[in-house]
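Sharing a structure here in structure tokens format.
Per-chain numbering from 1; labels A, B, C, D, E and F assigned in written order.
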Amino acid sequence: MITRFDRLAMEFPPPSDPDPDGASVVQELLGGKFGEMSTFMNYTFQSFNFRSRQVARPFFDLVSNIAAEEFGHIEVVATCINSMMTGASPLSGVEPKDTPMGALKSTRNAQMYIAGGHGALCADSMGNPWTGANVFSSGDLIEDLTHNYFLETGARSQKLRVYETVDHPAARALTGYLLIRGGVHQVAYARALEHLTGARLDKLFPSPRIATDKIPECKPYIKAGEHTKLYRFSSSDYQELAAVWNGKHPETGDKLVVVDTPPEGFVPTDLPAQPAGWAPDYAPEEIAEIAKKLRAAAGLGDEPTGEVIVPPKRRARKAAKKS
Amino acid sequence: MITRFDRLAMEFPPPSDPDPDGASVVQELLGGKFGEMSTFMNYTFQSFNFRSRQVARPFFDLVSNIAAEEFGHIEVVATCINSMMTGASPLSGVEPKDTPMGALKSTRNAQMYIAGGHGALCADSMGNPWTGANVFSSGDLIEDLTHNYFLETGARSQKLRVYETVDHPAARALTGYLLIRGGVHQVAYARALEHLTGARLDKLFPSPRIATDKIPECKPYIKAGEHTKLYRFSSSDYQELAAVWNGKHPETGDKLVVVDTPPEGFVPTDLPAQPAGWAPDYAPEEIAEIAKKLRAAAGLGDEPTGEVIVPPKRRARKAAKKS
Amino acid sequence: MITRFDRLAMEFPPPSDPDPDGASVVQELLGGKFGEMSTFMNYTFQSFNFRSRQVARPFFDLVSNIAAEEFGHIEVVATCINSMMTGASPLSGVEPKDTPMGALKSTRNAQMYIAGGHGALCADSMGNPWTGANVFSSGDLIEDLTHNYFLETGARSQKLRVYETVDHPAARALTGYLLIRGGVHQVAYARALEHLTGARLDKLFPSPRIATDKIPECKPYIKAGEHTKLYRFSSSDYQELAAVWNGKHPETGDKLVVVDTPPEGFVPTDLPAQPAGWAPDYAPEEIAEIAKKLRAAAGLGDEPTGEVIVPPKRRARKAAKKS
Amino acid sequence: MITRFDRLAMEFPPPSDPDPDGASVVQELLGGKFGEMSTFMNYTFQSFNFRSRQVARPFFDLVSNIAAEEFGHIEVVATCINSMMTGASPLSGVEPKDTPMGALKSTRNAQMYIAGGHGALCADSMGNPWTGANVFSSGDLIEDLTHNYFLETGARSQKLRVYETVDHPAARALTGYLLIRGGVHQVAYARALEHLTGARLDKLFPSPRIATDKIPECKPYIKAGEHTKLYRFSSSDYQELAAVWNGKHPETGDKLVVVDTPPEGFVPTDLPAQPAGWAPDYAPEEIAEIAKKLRAAAGLGDEPTGEVIVPPKRRARKAAKKS
Amino acid sequence: MITRFDRLAMEFPPPSDPDPDGASVVQELLGGKFGEMSTFMNYTFQSFNFRSRQVARPFFDLVSNIAAEEFGHIEVVATCINSMMTGASPLSGVEPKDTPMGALKSTRNAQMYIAGGHGALCADSMGNPWTGANVFSSGDLIEDLTHNYFLETGARSQKLRVYETVDHPAARALTGYLLIRGGVHQVAYARALEHLTGARLDKLFPSPRIATDKIPECKPYIKAGEHTKLYRFSSSDYQELAAVWNGKHPETGDKLVVVDTPPEGFVPTDLPAQPAGWAPDYAPEEIAEIAKKLRAAAGLGDEPTGEVIVPPKRRARKAAKKS
Amino acid sequence: MITRFDRLAMEFPPPSDPDPDGASVVQELLGGKFGEMSTFMNYTFQSFNFRSRQVARPFFDLVSNIAAEEFGHIEVVATCINSMMTGASPLSGVEPKDTPMGALKSTRNAQMYIAGGHGALCADSMGNPWTGANVFSSGDLIEDLTHNYFLETGARSQKLRVYETVDHPAARALTGYLLIRGGVHQVAYARALEHLTGARLDKLFPSPRIATDKIPECKPYIKAGEHTKLYRFSSSDYQELAAVWNGKHPETGDKLVVVDTPPEGFVPTDLPAQPAGWAPDYAPEEIAEIAKKLRAAAGLGDEPTGEVIVPPKRRARKAAKKS
């Protein structure tokens, strides 16, 4: 089982100009063969299908724990896409007959705004849905780890290529972060294989052949040592991470460390409604009113209990209207 | 983000006779259009794509929180399938040339033992991979809730039909549990719609038209009031559940209650290795030895830290070997 | 547009012993690449996409009209499958806990009874859904006709092979009928190509190389001249069929004739409820009562207005109950 | 079985400027998960698989009859797409080496002009083929109706979003019409559920939360009462519609009425040939000549029997050429 | 088995301006339903599955041999796409943070540069992967040949349409060549059918209805008689081609001839590295150095043994840099 | 380009008892994610997309050459499947009405005999078509080689599992052979990675963790040194194999050697006609006669030119008939 907490694994810049085509490309990192849905579901199914796990506990713990971190990764890619779609149609003053989504007509992915509400799809950059065929769970431990090392390598390559294609601030922040954390998982699976077989895989790094310290958006994370840390995403279990995650980082030589808690995370931004996209409604005021009443009736107080960041642009616009 | 804890949402009987065809049918509840992958991913994506969530906080909290419970549901279906596959080939004394998996040749799903290691696939009962096309996330709150009510209805129907088809103890335990918890989600989405629109949906229940109290495996859960409880799968967030989950259960009239913690859960069984399936290896002893050394080197002690149930049959065999 | 009438294109024997695996094979004729969904949708889309149709009226009329007949063909294949699934679980006295669908567990297509209610799927014999990729509509008239000739050839071949595999009376009746009517369409497209290009295709027949007069279930249709008739499935349009459908049948030498009305058809059998399959419900009596009241309220009389055949076995049971 | 008549369910404006990207978006309404292929095939398969239909006659009649109307809906969406593709390459004077389809190279859907002849595909707005996996036919009547209500809700939402994205006159005419007729079906399934369960669903309307009277292209239909009429698409059957379709419209309060015939319909426009698209040929004159001879030989007269509208632009061009 | 030789079936112009959208359209000829993957795999599987081949030797030899030529066709389409992608991002001086692939963001197929390295995909023009469902291999000889004739007809049509859409020199060279060679295969299958059945198919030609002598890029091939030649792609087998490939060309009346060797072919161009696409690496110099050492160690000499054309532009750029 | 020669890469036992379910499982090795279609197409596309190949010649030659060998592997898997399907319906004396394929009705893969003629499909063990999504061709050399090493590892694992499931002599011969040759490719890609990065991967072997010398069907190949040989499948090109394929075998320590020619191969068996499967026809005698005449007319002599093995059982039957 899991528990969930409403914090993002990384910090995003506030929503800026919309970039629907950029968002459609970022989808590859969510629902592509090497996207975060794939890493999340591969490790999750491998943990479910793990036989004789007591005997191989350090490896079971490693795979199970990385799976948990990957949930946070699908979350941030989806968040990034939503942020990039924000403002792709007007944020207010919408009249259907004025073709408020007309600017989207020739963009690459029509389902982001026809099927979805200016949001993320469970699909890749070509609109092909993510498929369970992307899950590899052979049951053979060495084979699964070999797969996982390869998967992270491919994922890293695609993050770099998206980075080179899309310069939207949210996409850059995302890929900078994911390159570092994906790199941690790549090293982790290489280490696991080394422990099990004695093969020395460290010279495979970096793969692809570019060090993340050349990527400006990666640098702060490297400085903070994020490339050396494996967080334990459990308060009770997966303690044997340390039996695998040890030694030195193959690229930097830094010591690998286990952090015994999940990261604190960042408060999510409350992205504004997109009325032309009926998200969450054409005129969300009615929902607001109902929510307020329900909250009161349940003794939860007048104000929403959740913590969010209200994006600055929206506040500005509100102010403008008032004057 | 999530944290994970190594407990199952329900208790399974110990592994008994294998039932590969039964397991292939149970796959529908994992990777079918109405399987738990679909419920998990629908609510997860809806929570990611939720705009103006502060304004609609009770509903955001509801969807986000149910998503978290659904992770535990894909986990128990996968566990059930693994349990049903246990022993489908000999647990020891395997010689490849003796065709140790010959008994599986005419079973329905060859990929459970050729691609997987006697384990669960991210696919349905026909071996078709689960697809992201099953995710509905329109952004429109009322529409998403309408979908979710329908999805739970279809899921419930398929659980009943699997129940009527497969009498393996693990499958019966699973479907008994899921009928109750799926029923909770079905009610939750109906309640949410009622709050938002005023429509009275309570007379739609039960749907399908059979009360769970006619299902023996459901009764203990009903007795324990599990049909009335919505657990909060977070220690910090999703507090506004109570603004939606209130009033009376449409079938039993019992009061709906929020439980402010996740359920405690059940220790998982450590399913035995399947050497013919190379899961986790043809001869896992070597892994055991390496794991032991790594654990020691990491200062984690001699014994595995994880808590598991060792299945009785296996214990028996160990005893037999000793004598 | 269409109008619909509740008659089947052919007569079926009354439901007999169930044959779930046979039914799963017959699915190929419904949702396979060469199944009736493909013929129906190919000609339908070709008629929708037909440019300059006034100029090429005889060919537009031909394709449009055959499309209409094909609806009747998906209907009879689906009817056949339903008939073969009838009785696959008990028709009455169902207790879920007694595993009433247990006999279906190892049959080939689990979705016929888990997703469906002992009914037909929009899928092929392997459970792969029919796909719009099967529609060929190039807009080029000669190319479309070449395709259609090939499609009917492949369809005919598969009908024969299903005939050779499944001896259930409903399947035999179905394939006997479809071989004849599919043959008519195969000839029609060959004739159209001959008219347009002058190529003499008649020697391609029969294709596959077996005359239908060797198939007992085909003989009555040949005797009735069904292999020579093209029905006009419209009371107002598609009159230029006769400009294409003329000359002699390439196999028998009989004169080809246009029948200016659709065939009269056969009253469908009202297949019994399958309570374990919740079709139409676990206990359909409630529905019956509601329907009766609604009918009365609408001034439609006490008895259902539809004409159906009540299958003999069921009548027997009714009688038994009364006594 | 069906009969077909060559009339469209709605009236289109004459072909105007081509809009290939707009057409690619409209494809969602044809072959998307919530497109007309889905509504048509869902209700069609539900009618085929309907067990104990005599007992539940009003509901069988409702589903069967709406299925028949949906054929007319796939027809008008396909017609709309063809109209929007008209002129996307030159209508005459085509030389392949001059790259006559060069303007299409960067448009969204290459298969509309490479695989098709400037026509509609059986696919969605991303070029993914429609799939039989979109058919839901559980056999359980209440469950099927719940699905159908949800399907119409999703379909309506997507029609609105296409309306907001594409302002081509044909697309606007189409969505205006479909919103009204889809709305009728949405109400019909809600009414059926209400009759069967007693649940009051009327307050769910409108869903999505915008009344069609705010859409200019809907207004004439509302004025004509089209939102209250359920046509009977059969001269002989499905008479028990009136047992379900009664009471008041949940949005307008108008009385719901059954029209005992199909609508008269509109004469289709004969869209011009697209010679660069080889539709129906590179030089269709030869076809015209052959057709004429065949018609004469069959005693059908010199002129085509079909009734079509010749699009004005084309007439103009002809005139221009003559002078 | 096969042997491979590093020559292309046709000559390409040197890489010129990149055309990513054009390349995305050309993908239809590689991985579309009628692309070269389909022709290659259809004939290959038909040859594998050919029963009683000694009895039907001329036809087995024909199909097997054309399969071999088709490998050369997937090779040239892939080469064309690579050529068209060359230069789509800078060929040197790449800095990831400068968004070197930014110009690709709104192009049609993101996977050509995110998943691939500015290369060809095994997919169609919409990014849908080629599928084995495109393989038709019924085992029935006449049916397979009917299919093959139709497949070549559709393939020819799509080549023409791509020709009309994309005027990039590489695409034009490709389609000119393929129209001629595809035409040979179209005739070959028609001839085979004629020999087997006596049906006279020659009047079906040309199909589509445009003679290749109207296509400038086809003319040199016609002049060289390429439309009349069937090459034998084997030094030992498939000698009975001549029993089928004889008589006159249905369009030109020229004598059909068997050439008893494969064509000599053309030296491939060594397309330059795309460092932003990490193809073959971000900084390929290291690879060059390693390769050199390995070559020396293996006694293969200092220079690469392969023969390639170095594209002129690149040479020029090198020169420019030196000065 | 390629040339083809009609020899198989390995020797099969003569056709024996049919094993349709076994054949359906063997399909995984043809069209599964790790089947030979995948290895063939991965390396083929990687060779097509290889940029700067002169600079990286040893690696280009390696990948291109292994691609060529893989064609021979799809050929032997397809041959194996055909052999296992031989006799699944009667070889003579077929009457359609006697349900000659009735014994196949409940077998796993209906399309092997309904769509195909008792032959191999381009699909996996669940009947899901092979898909181009299985092709990985990133353009990044190290990444592609990492993939290839992993692909061969997965392929090897699945061969072992098929070996353990199916004991049909043809399947055993096949898997014994493929384990050895797949092992060569696995080593080759590991060697390539080692050369490029310096990483020592040899300790990963064997993977899966069982030496092939424990598999009886592998032993003769090991004895013959087949595990150490890389054949050059070209008479002119790919000479730089030796720059990569050198050093010692990681499992046996034997010296790795390049064989400068393809293997000689084995004469294929001419599998008998399956008349109920219409392969190559219901009554192939007519084809035989036509072939003979065509051969004579082409001056090719009276007897077929191809060399085949006539399976013993068939000879026996012939003899029986004569007496």
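Basically, a residue touches a chain if its C-beta (ideal position, glycine included) is under 8 Å from a C-beta of that chain, and two chains touch if they have at least 3 such contacts.
Here the structure is a predicted model, which is why all the values come from computation and not from measurement.
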Regarding the chain C and chain E pair, does the interface count as same (over half of residue numbers shared) or different (under half shared)? same
Equivalent of D-E within the choices E-F, A-E or B-D, defined by over half of its residue contact pairs recurring: A-E
From chain E, which chain is the farthest off, judged by mean CA positions? B
Counting only C-alpha atoms to place each centre, which chain is farthest from chain D? F
Taking the mean of the CA coordinates per chain, how far is chain A from chain D in Å? 40
From the C-alpha centre of chain A to that of chain B, how far is it in Å? 24
Give the residues of chain B that touch two or more other chains, as numbers and ranges in rising order. 33, 108, 115, 126-129, 131, 133, 138, 140, 142-143, 157, 208-209, 277-278, 281
Does the chain-touch network form a line, ring, star, complete graph or other? other
Per the touch criterion, the pairs are A-B, A-D, A-E, A-F, B-C, B-D, B-F, C-D, C-E, C-F, D-E, E-F
With touch defined as at the start, can you tell me which chain B residues reach chain A in the complex? 1-9, 31, 37, 41, 44-45, 48-61, 64-65, 67-68, 71-72, 74-75, 78-79, 82, 115-123, 129-135, 137-143, 195-196, 233-240, 242-244, 246, 262-263, 265, 270-274, 277-281, 284, 287-288, 290-291, 294-295, 297-300, 304-306, 308, 310
Note which residues of chain E are touching chain A in the complex, please. 89, 96-97, 99-102, 104-106, 108-111, 113-115, 126-129, 276-278, 281-283, 286
Touching residues on chain F, where the partner in the complex is chain B: 21-22, 24-25, 28, 32-34, 107-108, 124-128, 157-158, 160-167, 208-210, 214-216
What does chain F use to touch chain A in their complex? 33, 131, 133, 136, 138, 140, 142-143, 146-147, 149-150, 153-154, 157, 193, 197-204, 207-209
